[in-house]
Amino acid sequence: MTMLGDRQQLAYIASQAADARVNVELETEGMTLNIGPQHPATHGTLRIIARLDGEQVVWAEPSCGYMHRGYEKLAEVRTFPQVTALVNRIDWLGSFANEVPFILAAEELMGIEAPPRAQWIRTILFELSRIANVSLFLGDLGVQLGAITPVFFAFRDREYVLNLIEGATGGRFHPNFDRIGGLKDDLPAGFIDETRVVMRKMRKFCDEIEGLLFGNEIFEARTRGIGVIPRDLALQYGLSGANLRGSGVDWDLRRDQKLPMAWDKVDWKVWTHPDGDSYARCWIRLQEVRESTLIVEKLLDSLPSGPVMAKVPRIIKVPEGEAWVSTENPLGEMGYYVVSKGELGPFRVKIRSASFNNISIVPWLLKGVYVPDIITILASLYFILGDIDR
Amino acid sequence: MLGLIADVSYWTQSLLRVFGGIVAILLPAGTIVYVFLFKMMSFMQSRLGPMEAGPFGSLQLFAEVGKWLQKEDLYPERADRFIFKMAPLIVLSSTFLLVAVVPFGPDAWFTNFEAGVFYALAVSSVSVLGILIAGWASANKYSLLGGLRAAGQLIAYELPMVLAVVGVVIQAGTMNLQQIVVAQNTGSIFGWAGLGNPYILTQCVGFVIFMIAVQAELTQAPFDMPIAESELVSGYMTEYSGFRFLIFFIGEFATAGVFAFIASVLFLGGWGVPFSWFGWTSIDSIDNWMNVVGPLIMFTKMMLLVFVIMWVRFSYPRFREDQLQRFAWKSLIPLSLVNIMATSVLKVAF
Amino acid sequence: MSSLAEITVALGDAVEDSFEKGSDDDVDTWVRVKTSAWRDAASTLREKLDYDYFCFLSAIDWLPSPYGRGEEDPTAERAAIDSTIRQGYTGGATRMQVFARLVNHRTHHGVTLKADVPDDSLTIDSWVGVFAGANWHERETHEMFGISFAGHPDLRNMYLPTDFEGHPLRKDFPLLARIVKPWPGIVDVEPLPGGSDEEGEAE
């Protein structure tokens, strides 16, 4: 695919805007529709101000900040091990995955690396939190499009995964299990067998969802060709995760980045889709849950033995320096830019969350669509409010 | 009700009819809500549904109604109060008007209209008015969008429904619902009268179109854009609470029941059994016990049809407004016209 | 040619300083450019070297916090805080620096661009014309640090109320919660369960 030049791109944007014109001949007056912050479709407190012409959106702008907790400021007055408790709450459906990049950044600055077994377990828990997170997305997708049944399947089967995470870490939503230099604990007895059973269940769940939603003509009619993000724009807005791969960019940080994690130790596939529409994004997430279950199984097969904690000092002081580590979280690229001044805590933490970038394309994307498509597009971009507002 | 009570005075008759009508509305509505909305939906979604109130939660509905009745009667500050209050009643009254023409047995009917089909299709669209003014009077943008969507949708699907019924009317040669039932049960399939001739066999296209149109008229998924809880909060019902919401709620499920009654009359042989089983020849020679068994047969058929309606409702995602219109105008209506033409040609040929 | 060398050549004399970290196949690059070249550096990297993925944009306030870390014992006398400004990688001359990360989506090599923000004007060019996605990031940086972006179409507050005063992520903006009530977990005084002193060093 060729890159669009600036001029072509402007023309493209202009044509989209022209499609969204207010009806001039009839001189109809638009209506401003305030969607949210309390609205059943915006899981959280996202507010969207949309100007409508009939059912067509002329202009739309998300308004965030209803859940801004200032984690970047709070992190500055905490010690490094304490920060994981904060970042757990950024994307609350896949909390463990939030801890990992921060811990990795701290480890990078300290020049230590977790022992292999810890890396493996980290990766397993990371993928489990992805499965828990994205399976809920798959169920929720149905609700957003009006099918009420899938979400119950999602809640039912996600429970098994949460039980696993709880069994290993002690926390269902906020494990706070990752430590600088390794993990708090080893896996509990029976975890491995139980996980294999659950992974099979999750694949069955994926089949169910595929049959219930993805094979459905109405679902296709509602998602195909809706909210198309061209590849160039996806890169410009810094979309990540399935949103980027849905636009045909073959990029997965798990594969394309060297990190002390176990992804490169097993074989797996990165799914992409050329269409860039809502269907592509949802389809990729479905495939990724399947792929994750396979990754977990393969990692369980090759789980090395050994300690789960490296030698770290009693009081952790991180040497002066700057580090950027990002990982492929359930929502997309989640990264931390950590600046340390050699003290107990970070000097500055810039949290680059996936949803913030993913949602920033919304004003462009919503021009000219119909009201029901607002919901489809938001659902397919998949954001979590804590991840936007941080 | 009934030729049975022809001897009693006029006002007693009327009272009994009103009572019968209320039973014919509330009983199906309650059963549908409990059996399908509470239990079947729960089982489909791998949960149990209400279990505490009564055996297997069967009294849950009474608890819900009690809760709704206790709630404060709220209305938005800028609402047009008079028509805001009137809207749910209009919707429910359309259901009551509709049930009036449904025959439940040889003598068990409320009114025996010659133009029953025509009347039923006419009054079924009264509910659009209620929904439209509910959306308008709520002074809420979501309600307004929901009301407008409902108006567009109900009008679009009124037409395929009428056209689907035309096939039945041509085949039966009458618009009287009672006589349509009789025609089906006295009919024969190529000379074999063991099953009568339910029109679902000859009018299968019409039946499918009719059920799709019913689904849309009832604003059940996949046609539930007027309510569309993920887009429009609750559409035209957003601002209604307590008792007024309850009326909408009853209206929704009672209408589902009544439409299923009408569909079973038009396509499934209604209250009757094939007359040849008991050697009946016409409606006058039917034994009196059919007035008791007939309603039960109707009820069974109604539950079957509502099962299908609810099954679709619980598993399908929702159309978009323009896709729904396109589906009605570009697929259903041409198809039903073809169906009418084929029916007329065959009617003349045989 | 290494990525850093390529970047240095492409950006020419706009480069103030650069820094590289990591091994051969996993190298992370920092480049500090001149304030005036902030926007051009982005478009050069995007057009010439295919750094077309916009990751994030933010700022750092290098002033050490005058309030300390909020973890000192409030009864003890406070040690004087050294308020000399020391910039991180690639140095710098101003208190505020903007930094942003661009990634080449083919080679997956990322570069962190930095630029000084003049202390007096606190203004730097906007990237919106180069990367549309910079829009929200610049709005966030504007409200959190008070840095203006020349050429940004709409610098409204992203998170904070419109009438909010101050810029929360500046170091001299007090975190009031820590000032009115000292952090209870100042020192981890409780012994770890069953613990000797080596407990912290697991295995």
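Details
Think of it as A, B and C in the order they're written, each chain with its own count starting at 1.
Rule of thumb we're sticking to: a residue touches a chain if its C-beta (ideal position, glycine included) is under 8 Å from a C-beta of that chain, and two chains touch if they have at least 3 such contacts.
Please read these numbers as outputs of a predicted model, since none were measured by experiment.
Closest to the protein's overall CA centre, chain by chain, comes A.
Each of A-C and A-B has its own count of C-beta contacts, and the greater count is at A-C.
Averaging Cα atoms per chain gives one point for each, and the point farthest from that of chain C is the centre of B.
Distance from the chain B centre to the chain C centre is 64 Å, each centre being the mean of its Cα atoms. Chain A and chain C have Cα centroids lying 23 Å from one another.
Averaging Cα coordinates per chain places chain A and chain B 45 Å apart. Taken in their complex, chain A has these residues touching chain B: 31, 33-34, 39-41, 55, 142-149, 152-153, 156, 212-213, 216, 218-219, 221-222, 370-375.
Residues of chain A touching chain C in their complex: 3, 64-65, 68, 70, 72-74, 76-77, 79, 82, 182, 232-233, 235-238, 249, 251, 256-258, 307-309, 311-315, 320-322, 324, 326, 333, 335, 337, 339, 341, 343-345, 348, 350, 352, 356-357, 360-361, 364, 389. Note for the complex: chain B touches chain A at residues 41, 44-47, 141-142, 145, 149, 221-222, 224-225, 228-233, 314-323. Per the touch definition, chain C reaches chain A in the complex via residues 25-26, 28, 30, 52-56, 58, 60-61, 64-65, 69-71, 86, 88-89, 99, 101, 105, 108, 110, 112, 131-133, 135-137, 144, 157-160, 168-169, 173, 175, 178, 183, 185, 197, 200-203.
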